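Look at the two complexes coming up: chain A is in both, with chain B in one and chain C in the other.
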Partner chain A sequence: MSDDSARSSETEAPESATAALIDAARRSDLGLVLGTLLAVYLVAALLTFTDGLNSVVGLMRTLTFLGLVYALAALALNLQWGYAGLFNIGVAGFMALGVYTMGIVVRSPDPAFGPPGFGLPLPVGIVAGMLVAAVVGLLAALPALRLKADYLAIVTLGISEIIRLILQSSAFDNFLRETIGAGTGGGSGMGMPRNPVRDLFLVDGQAGTPTALGDLVFGTVGESGLGIANTILIDWAYIAVLAGFVIGFFVLLERLGRSPFGRTLKAIREDELVADSLGKNVDLIKIKVFVIGCALMGLAGILWFGSQGNVSPTPQFMPVLTFYVFIAVIIGGSGSNAGAVLGGIVFATVLFEGPRRVGASLRDVIDAETPPSFADALVTLDPTAFLAFATDNIAPLQFVFLGLILVFIMHRRPDGILGDRIETAAAVDLSERPSGGETDE
Partner chain B sequence: MGTTESSIVDAARGRPGLLLVAFLGGLLLVDLAAKLAGLSLGPIGGAISADRFGSNLWNGVVIGLVIGLAGIGLSMTYSILSFANFSHGDLLSTGAFTGWGVAFLIAGFGDIPVRSLLTVRDAGGATAGDIGAHILSTPVAILVGLLAAFAITAAVALALDRAFYKPMRDRDGISILIASIGAALIVRYAIQFVYGSDRRGVTASLDASNLAFAPLGLSVNAHELTIVVAALGLMLAMHFMLQRTKLGTAMRAMADNKDLALVTGIPAERVVTATWIIGGGLAGASGYLYVLLRGTIQFDFGWLLLLLIFAAVILGGIGSVYGAIAGGLVIGIVFTTSTIWIPSDFNEAAAFAVMITMLLLRPEGLFGGVSTA
Partner chain C sequence: MSSDIPDASDVADAADGADATGPPTDEPEANDSAVEEAAKHVPAGAPPLRVEGLVKRFGGVTAVDGASFEVEQGSLTGLIGPNGAGKSTTFNCITGVHEPTAGKVYFKGEDVTGLEPFRMARKGLVRTFQIARELEEMTVLENLMLAPKGQIGESAIRSVTPGLRGAVVEQETEIRERAWETLDFFEIDHLATEHAGNLSGGQRKLLEMARALMTDPEVVLLDEPLAGVNPTLEEKLLDRIHRLREDGYTFLLVEHDMDVIMNNCEHVIVMHQGSVLAEGTGDEIRNNEQVIEAYLGEDI
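== the complex of A and B ==
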């Protein structure tokens, strides 16, 4: 696909500079991702520019953060589902495992600050989190991969719920405290270790004691300069780290996908029987990819929820989180890494945050009191009151909208925006035959 | 004798997992017997009253019947339409809200504003006690509500099929599964939009609503008895429909071998329509009964139950109606009796664990994968 458009654009001269730019953006996946981000920023700026620079940068921060963390999770899922066709709907559970293990390993052993941990350095915690997610993934994969795809779906959903219920349980918390001296915090969750990015700007992470770098940044664009809140600037620095991880995931998966291992994966996805009869160890390859994917989900969970201050099992790791990630992969097109990144950004900004922001802005414009319930709004027979109710209760409508999008994509574009289900498994391009060579006839 | 023994040994050798599960199950049974007898041998045994065990068992049967009833529809859609329907749980919620709206309308008509009744107390300030819906004081309202839950949910299920699933008939199971996740989101949050998101009480409490069965040491609630009677009645009706009517035969044929059924001239679309009406209707009825059991309602309770229903259906062998009923009973009993051994935080996890174990050892289920027979 991309090769074709590249070739045609070489022959036809673009009409203008902007057309050339759009053309170039369309040709490269990176351009598409950046273009989408720019469009999102433009809309965000339009929505908030009246409130000043701080709000604009703040909204952009929220959108970028969500877009990148969804991209990370979508990339990890794309490895399992897009490459190998493993329908894992336990993403939330593996993310929870990663972030909880990291928390337990890194948290201070002193029980005065909530559930005690082991007090080990952060990198150890991150590796441990990935390892635990991978090991549980292995335990789940060993037997479950023999099952049909829809059974695998139900089993992984069950595992993710078991993980959530165990983390939620105070009995398990007490058990851990008595046996290994560390706890999960049960239903109230645990605080996350301090983000090392914060230490770059603030001495010991304390507000009011900036480091040299902090002084420089806060003085130029921060509260003592352009007036952007210091916390937003620190968040932006963390976003840069996240972007690095997204690129890292992307490169890793692209290399994996082009390797002989990746070609075998795609062969399994398309036809397991053929791959099996060609002597590929289908089960072993599936287990490997499932374990790698689970480790990446654990890492995505750490980078996402580990930076949020506090984690607790019930609102954060409900199965609906898995479906969000799935929607991101489906929008982008399963099997395409660039699609997963794009899908993550589009989902988080346009579908997830967008309706809330637009609803809130609309609500401010409507001059009417919100009726207390749907029935009350209906009996007023007043469209304004009804609209006030709808914009005030935008969250459920947003989910209805998400559901419609999901069904629509499955009906009309099952391959997503950038899906490339049909791709050459061979290392050389077979579509281009050398002219003048031998023919079969 | 010798031959059977050696074949048993061989079978056990071939299935080490099965042996392990059988051993653990036996251990739990011994432990239970010791507990009931009040003996205690190291970690085994302890003390548990027969009353508590009896009431655990009874609660398990009641929940199990509701789950089994819900599982019938899920099993039917799986065997006839070949996809795991993730919107099934939200059909339970649909039935519960619409059915209770109708029941409230009959129970509280005149005294309380209609909008408060139809939205199951989302609007207005009426309490559950004001409306006074209870099987002993307003039996007609409860029964009509059950019928309404069946009818309205059947209509909703059929509408979902026409809008979402019909255009995808020839697609693979996973694509339709994903579409059903979308349908689940639509239904669940449409319910939240219309009925509100707070959990609220539904049934009124009545003095003397418990009937004691002294010899068994059981105290049975009138609502529990209603649920058992209604669920068994619906299951029996289902049984006769499947075995004695032409439609039932056609359904079993479709589930067994779709191509063969089509060649024989079975009107596939008509069977599919009937599947949605019956499966959806039973889901709505079971959601209504579940609320009668719990006494409270919340917009996402059906979704939260879905995994337990899946567990029941898988346990019985996905695709089998009788398996779904049996699986529901097992899951219900595991759900309530597991608290004897483990903290109640884990009873749901125990039910899922039973499901996963079953899938790993015997993916075809208890009834060996017999479809709708």
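== the complex of A and C ==
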């Protein structure tokens, strides 16, 4: 409360119009998320407008997709780590389990290429993917959660790598094919079932035969209208579905957080002995929340990698993916669901894709030969040559950039963008005493 | 229990039903209400708390060495002893924080040795900590609302499913009202929306006791609830404890201030080097040779 009043008195007289705008956006989660997206779009448009409409819409599509899938993963991790303090470093593994299970269940038993599957409907595959992630989460949690927090971290990191290496193994692939008649594809991975969103626009997903909806959309804004590539439009339709899932995750987690269940999670994060001494079955609650989080990670994996055409264990599910999701949660502010969404978007667009895109655009306008090595770039004493070297080697530099940003955040805003915000842990309003209560005493 | 601390039994009853629908691991608790009900009508002879030959060793250190005592129904019993006598360790063994090396703990005649803290709390035995452990990042009101037993909203499914959440909100409204009344009772209602981490030492002690009472316990173990509390507040707290005792609560109080013990407790247990040295009324204890010796001639 005191924080709130301090903040509102602080903002009664904002220094400038932008400050007022930022403040208004801070008060509304949706405003903040949309505002961030808008700023990202603006920069994306600036970077690509010279290349035409398709480039602009295409880049926006890529950025939005990445932002939303990271938001999904960050939300799931926020439930485990932000609310309950469970340090799960196996996010990549649980996402891999989700998407691989879905692939195996849904893929045709007799495919043109790749490993055979069971040929079951997609919804069955999605549920199966979440279940498998949840069950493996349960098996990991049962022994590890009873031990100290560090053990869970080690166990989950180990499990995630074991999952990746098993999926990578052709021996395991062969074993599966011989026993259950379906496989993983080993190191070369497997093709993903066709995205049902595509079928909304194209009969049987074939490029030449649009449906009525396809005709309408392609005719107005698509290739036969405004000229945006049809595939980009279909991608945007899927992004709308993703946005729906982000909202779904968000609502689910907010309801969980704002309830007695969320209250026990918060208590466990702070002091397990207190929760225990007040009659809360700490082990059981931790297992529950861990399993729910793993199921959501499985679903996030399906929505993310299941839409990418092909999955393969390496490099898609390397531990660095988990690290990225953690950065997203840290940036947004662990414990805040709105922060997780925002962190996912900011990480994916500004930190992950941003440097590469900006670097590439800069390289196009720099008129210089790229020096062969960093030393050469330095000794030329020519800033354009140095810039050319930097933009050509943006990928490794990106990690330096990421590190600097993390140090900056830890230093200036250790709670992340929204981590200082107080999320009520009750199903009712606690800000004021309900009237009628103050009768006696 | 009368008006001062609102009764939570209706809340608890609602929840016992919910427990049965929980996952299988929850099953043992499903019977708790039955056990509790039965225990409530235990023959008048069974004391709410009895400890028999309790031993707790930490490696080479014997913290509790064969302590045996009883706490009477509706009493305010004092537990005293020099530093390191094993008082807090005894509390930890009773509440299940530590598994006793040997000995038995009985709650209303039932053997509860080694039960986890949460099971003890659900049975109606709750404790406060010597060093206050409030949940700093939660508000005072949230700290209190965490405590009540049998909250149906502690089930994740009930909290998120649209049709079932209504009942959760209803119960939350009741719990919030009870929390406010308890805050009134301890006169910390002005701190309700404050983060517990911002409270002063004395206020933390009050919060800790208020939170323990929100579990609707029968026996409350208080580990130095008055340490660091100013005299005015101390008077208030003791007054609260007496009023609650009249309402049927049973208290076991650890305290170093002899005057407080002598003036408030009708029965005093003295621990020394892990075992019970003497027991009796304040006057008996005051004149006990061994006790005087244990306190090295300190004036008691």
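The rule is simple: the second predicted complex is superposed on the first by the 379 of 441 C-alpha atoms of A that agree within 3 Å, B and C clash if a C-alpha of one lies under 4 Å from a C-alpha of the other, contacts with A are read in each partner's own complex, and residues count from 1 in each chain.
Here, contacts are C-beta pairs under 8 Å (C-beta built on N, C-alpha and C of every residue); 3 or more make two chains touch, one makes a residue touch a chain.
Remember, predicted model here, so these are calculated numbers, not experimental data.
S.K.: Is A:Thr264 in contact with chain B, with chain C, with both, or with neither (first, second, both, neither)?
M.R.: Second partner only, chain C.
S.K.: Answer with first, second, both or neither: which of chain B and chain C does A:Phe399 touch in the superposed model?
M.R.: First partner only.
S.K.: Now for A:Lys288: first (chain B), second (chain C), both, or neither, which partner does it touch?
M.R.: Once the two structures are laid over each other on A, A:Lys288 reaches chain C alone.
S.K.: For A:Gln168, using the defined touch cut-off, is the partner it touches chain B, chain C, both, or neither? Pick first, second, both or neither.
M.R.: first
S.K.: If you stack the two complexes on chain A, which partner ends up touching A:Pro372: first (chain B), second (chain C), both, or neither?
M.R.: After superposing on A, A:Pro372 lies in contact with chain B but is clear of chain C.
S.K.: Is A:Phe323 contacted by the first partner chain B, the second partner chain C, both or neither?
M.R.: Touch status of A:Phe323: first partner only.
S.K.: Report for A:His411: first if it touches chain B alone, second if chain C alone, otherwise both or neither.
M.R.: first
S.K.: For a test of understanding, state which residues of chain A touch chain C in their complex under the given definition.
M.R.: Going by the criterion above, the answer is residues 1-2, 252, 255-256, 259-264, 266-267, 270-271, 273-282, 284-285, 288-289, 292, 422, 424-428, 430-431, 433-434, 437-438, 440-441.
S.K.: Within the complex, which stretch of chain B touches chain A?
M.R.: Touch list, chain B to chain A: 83-84, 115-116, 118-119, 122-124, 164, 167-168, 171, 173-179, 181-190, 192-197, 307, 310-311, 314, 318, 343, 345-346, 348-349, 352-353, 355-356, 359-360, 363.
S.K.: Quick check: in the complex, which residue numbers of chain A touch chain B?
M.R.: 87, 143-144, 146-147, 149-151, 153-155, 157-159, 161-162, 165-166, 168-172, 323, 326, 330, 372-376, 378-379, 393, 395-400, 402-407, 410-411, 414
S.K.: Mind pulling up the chain C residues that touch chain A in the complex?
M.R.: 3, 23, 25-26, 29, 95, 97, 116-118, 121-122, 126-127, 129, 133-139, 141-142, 145-147, 149, 151-156, 159-160, 165, 168-169, 172-173, 176-177, 180-181, 184-185, 189, 192-194, 198, 211-212, 215
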